[in-house]
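You will see two complexes here that share chain A, one where it goes with chain B and one where it goes with chain C.
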Partner chain A sequence: MLSVKNLVTTFQTRQGSIKAVDNISFDLPKGSTLGIVGESGSGKSVTALSIMRLIPKDTGKILQGDIIFNGQNITTLTESGMRGMRGNKISMIFQEPMTSLNPVFTVGNQIQETLILHQQLSLQQAQKKAIELLQMVGIPSPEKRIKDYPHHLSGGMRQRVMIAIALACKPDILIADEPTTALDVTIQAQILDLLKNLQKELAMSIIMITHDLGVVAEFCDDVAVMYCGKIIEKAPIHQIFAQPQHPYTQGLIKSIPTFHPEKSHEQRLSTIPGTLPPFHEIPSGCSFQNRCQYAQEACKGLQGTPPLALAAQAHWAACFYPLHPKTHQD
Partner chain B sequence: MDLKTYILRRLLHTIPIIIGIATLIFFIFNIVGGDPALTLLGKYAKAKQIASLRHEMGLDKSLFLQYIDLLKSIFTFDFGKSWHTKQNIITSLKESGWISFTLSFPPFIISCALSIIIAMVSAFYRGQFLDKTLVLISIILMSISILSYILLFQWFFAFKLDWFEIAGYDKGFPNFISYILLPGIIIIFLSIGSDIRLYRTILLDEINQDYIRTARAKGLSEVSVLFKHVLKNAMIPIVTNLITQLPFLFLGSLLIENFFAIPGLGNFIVTAINTSDFPVIKAVTILSAIVFVLFNLLTDIIYTILDPRVKL
Partner chain C sequence: MQHPYKTPLWKIFLRNILTSKINIFALSIVCISCLIALCAATGILANQWDVSISDSHTPPSLQHICGTDILGRSVLDKLIKGTEVAMSTGFFVATLSIIIGVVLGVLAGYFGGIVDTCVVWLYSTITSIPNIMLLLSLTFILGKGIVAIYISLGVTMWVGICRLIRGEVIKHKNREYILAASAIGASHFRKLWYHLLPNIWHIIIIQFALIFQVAIKSEVMLSYLGLGIQNSPSWGTMIDEAKTELIRGIWWPFTFATLAMFLIVLAFNLLSDTLRDTLDPKLKKK
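Then we have the complex of A and B:
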């Protein structure tokens, strides 16, 4: 369905050109869900915007790599060809439901816009469809709500409207960029449930970008962990939680808060020391070496950057010393 | 609250504002400023002359009665006659205000349309050569003094090339058009630079909003993103800027009208100040205050139309 190969996206900054996405590859089979996990600034959103080809033209560009969607390389598609994809075959929802809808147009208008653009519906047809879509995403009395402006709705409702817009043309792929980060926990669960049900109903693939491993565990089939623009670990969901290979992934999993009332006073939440290095200060060798408790001489650049290699079955890790190595012979 | 009730309420609110303005003006003219009769007649005037002029002007009445006279003149819209021209003030104001308006309204509309279009082109090609060139040109236009424009254009276009009249005015239609062309062009040059810069900034501000990213993610073309999603949001600050300029269409430009000898309101006011024509100055001060209050109301009403988040 979607296959990203050796994608490199660069941005021009005052410190020179940086690789916000550095040679990443992944596949997204039909109907499956891929989670992309990482800290802020690890390149998750840039990956998503690269697939949408919405990288700001003045500062960034896709330097190399292919993004194959249904046999078609969308990195070489014309701008108007790409516009036919966006919102139609590949849709995206964003982190900020409060600001992602245009404040001066009604909710209905903003949903109809996509339908009129991609499906050439008349205004009446689009209006009818918009009501159906609002119903589908669980908004009560949709025939009244389509006349509302975004500021009439709560954050959760706005995110539902965003989902309705994104799914209006039944896309093959939905990219969800931290769709629940800005929402209350109870609303988060509702939105995730909604996405899960709609995924089944529409048989679409989802790329779920998040920094919340809880969301990943609940939602995804496969996970790619990103660090400094690179995928450093990629595996099916159960494997990554059971046997993380990369020390960074292990650190992320350990830092998920757990609830044990009887021993909460003796157990402190584990953290990964340090922060993501700025892009122009990424060390040679393994980019995680300065924060890694297992780092050895080999990680410091003499043997180059650790490649993303098979560490166990279907389990890829970019680490010279994976934590749970397993060969195929086992 | 519906629009009608809102407008009515706001109009009622303007009454105390106008009374406040009138009181302030009364203090400035009658108490802080000296005796106008004395000012007019000069220091060699005889006591009898002064007394009769004071009577003529109503200055021998008590302050309270004079104050009531002022309020009465506001609500009856009758400010009496000019001391200088001996003509009815409201008639003169209407006449010269209309001249100012015909002079400044067409350039206002043209520069408004031009600056929005150029700002949109600039925003569309943001960061590229065309954008940088347009910004440079608008900074140059902004930086040149009004006097340089007037002198340069009068000398070059009117004197050297003889395309326009150098100065003067003719009230008949269509004769007056030939007189307002050159000052009109100068008015456009004066306002367009800063307007382009302001509108470009407003548009770029909108272009970076999250909902513009959403619009692009829907597959809309850059042109429809710009014309639908960006422009409607940008119109809110743009219209605010435009409405604040509206009162000046009537008040006219002092310098332009003087240099081009156009008998507009700006010229009228300068003459009134030069000749200590107090009734005219009073009338103009009060009327322009009222005009500003009304245009503020208009701004608020237009907001409610442009921005659904604004409630009455």
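Then we have the complex of A and C:
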């Protein structure tokens, strides 16, 4: 369905050119969900925007790589061809439901727009469809709600509206960039449930971007862990939690708060020491070396950057010393 | 394609106007002035303004409410003719400068880069020349007359709005809703016209009202300096003539012309305040 190959996206900054997305590849089969996790600044949003071809033109560009969608390479598509794709075949929802809706138009108007743009519906048809869509995303009394302005709605409601807009044309792929980060926990769960149900109903693939491994555990089939613009580990969901290969992933999993009242005084939440290095200070060799407790000589650049290699079955990791190596032989 | 958005903001505006006496007053002044100006322009009112109807400098009386000028012409008729000049100046200058300012501001803000550099350079250059000198040289080039005034004021007064619009566009284009519009496949034109502009309409409308009254004042000033209209009365020329009249106790042409200008400028200021209260989305949420 979607396959990204060797994607590199660069930005011009004052410190020179940075690779915000550095040679990443992944596949997204039909109907499946891929989670992309990573710290703030690891390049998750840039990956999403690259697939949408919405990288700001003045500073950024897709340097190389192919994004194959249904057999078509969308990196070479014309701008107008791409416009026909966005919101129609590939949709995206954003982190901030509070600011992603245009404050001066009613939610009805904003849902109708997608339909009018891509499906050439008349205003009446679009209106009817908008009500159906609001119903679909679980907004009560949608006939009244379509006349509301965004500021009349709560954050959770707005995110539902964003989902309605994104799904209006029944896209094949939905990219959700931290769709629940700005919402409180109960609403988060509702939104994730909604997305899951809609995914089944519409048979779409989802790329779920988040920094919350809990969300990934609940929601995704596969996970890609990003660090400094690279995918450093990629595996089916159960495998990554059971046997993380990359020390970074292990650190992420260990830092998930768990609730064990009987052990609470012996077990402190572990954190990964240090912070993500700025892009122009990424060390040669493994980019995680300075924060890694297992780092050895080989990680410091003499053997180059660790490639994303098969560490166990269907389990890829970019580490010279994977934690649970299992080759085909054993 | 049908326009999918209809927001009856004018209804809210009317409600805001009608709930306050001072606003009703301001709106009536503006409407009456427009009406007077239209009637004067079509010759229904004051078409005989240049005919002497009485002795030179007759003070106001029941017969000639505003008195007469040095040639015995009715000051009231001259005021009416002056209203036509003032209102048309306000309208054309505001329209012209809004068009220039908005187009350049939107292009500069939205596209950035070289377009932005050129526009910023252009308005910085214009602001660095003292306004009055720019106006003087423009009227010298274009000659005297009403059209010259429209153009010279129009091409000098767009700077403020351009700067404002550029800033707003830069602010809004990085808002997520514009990105979200890109994500549903909207074109540049659509993003600008349907998504961004409605968010800054209020600024354009408020600026229109403000420029309108500044233009009226500027026309008076230019005419006072003898650079304005030649063969039609204007409030500026009436005030200019008063330089020699006041000392002889002839107060009426000056007083009425000043009063007319005061009223219209006040009315536009009040209206632009109400417009802001109505239209600014930040204030609207209350």
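What we mean here is this: the second predicted complex is superposed on the first by the 330 of 330 C-alpha atoms of A that agree within 3 Å, B and C clash if a C-alpha of one lies under 4 Å from a C-alpha of the other, contacts with A are read in each partner's own complex, and residues count from 1 in each chain.
Throughout what follows, contacts are C-beta pairs under 8 Å (C-beta built on N, C-alpha and C of every residue); 3 or more make two chains touch, one makes a residue touch a chain.
All values reported here derive from a predicted model rather than from experimental measurement.
Enquirer: When the two structures are superposed on chain A, do chain B and chain C clash or fit side by side?
Expert: On the shared chain A, the partners clash.
Enquirer: Check whether A:L123 is in contact with chain B, with chain C, with both or with neither, and answer first, second, both or neither.
Expert: So A:L123 only meets chain C here.
Enquirer: Which partner does A:Q112 contact after superposing on A: first (chain B), second (chain C), both, neither?
Expert: After superposition on chain A, A:Q112 lies in contact with chain C alone.
Enquirer: Under the contact definition given at the top, report the residues of chain A touching chain B in one complex and chain C in the other.
Expert: Comparing the two interfaces on chain A, one with chain B and one with chain C, the shared residues are 52, 54, 58, 80, 83-88, 91-92, 94, 96, 99-105, 113-114, 117-118, 151, 162, 165-166.
Enquirer: Note which residues of chain A are touching chain B in the complex, please.
Expert: Per the stated touch rule, the residues are 52, 54, 58, 80, 83-88, 91-92, 94, 96, 99-106, 113-114, 117-118, 149, 151, 162, 165-166.
Enquirer: Hey, which residues of chain A end up touching chain C in the complex?
Expert: Where chain A meets chain C, its residues are 52, 54, 58, 80, 82-88, 91-92, 94-96, 99-105, 109, 112-114, 116-118, 122-123, 126, 151, 162, 165-166.
Enquirer: Under the touch definition given earlier, write down the residues of chain C that touch chain A in their complex.
Expert: The touching residues are 1-2, 4-5, 7, 112-113, 175-177, 179-187, 190, 194-195, 198-199, 281, 285.
Enquirer: Name, in rising order, each residue of chain B that touches chain A in their complex.
Expert: My answer: residues 126-128, 209-211, 213-221, 229, 232-233, 236, 306-309.
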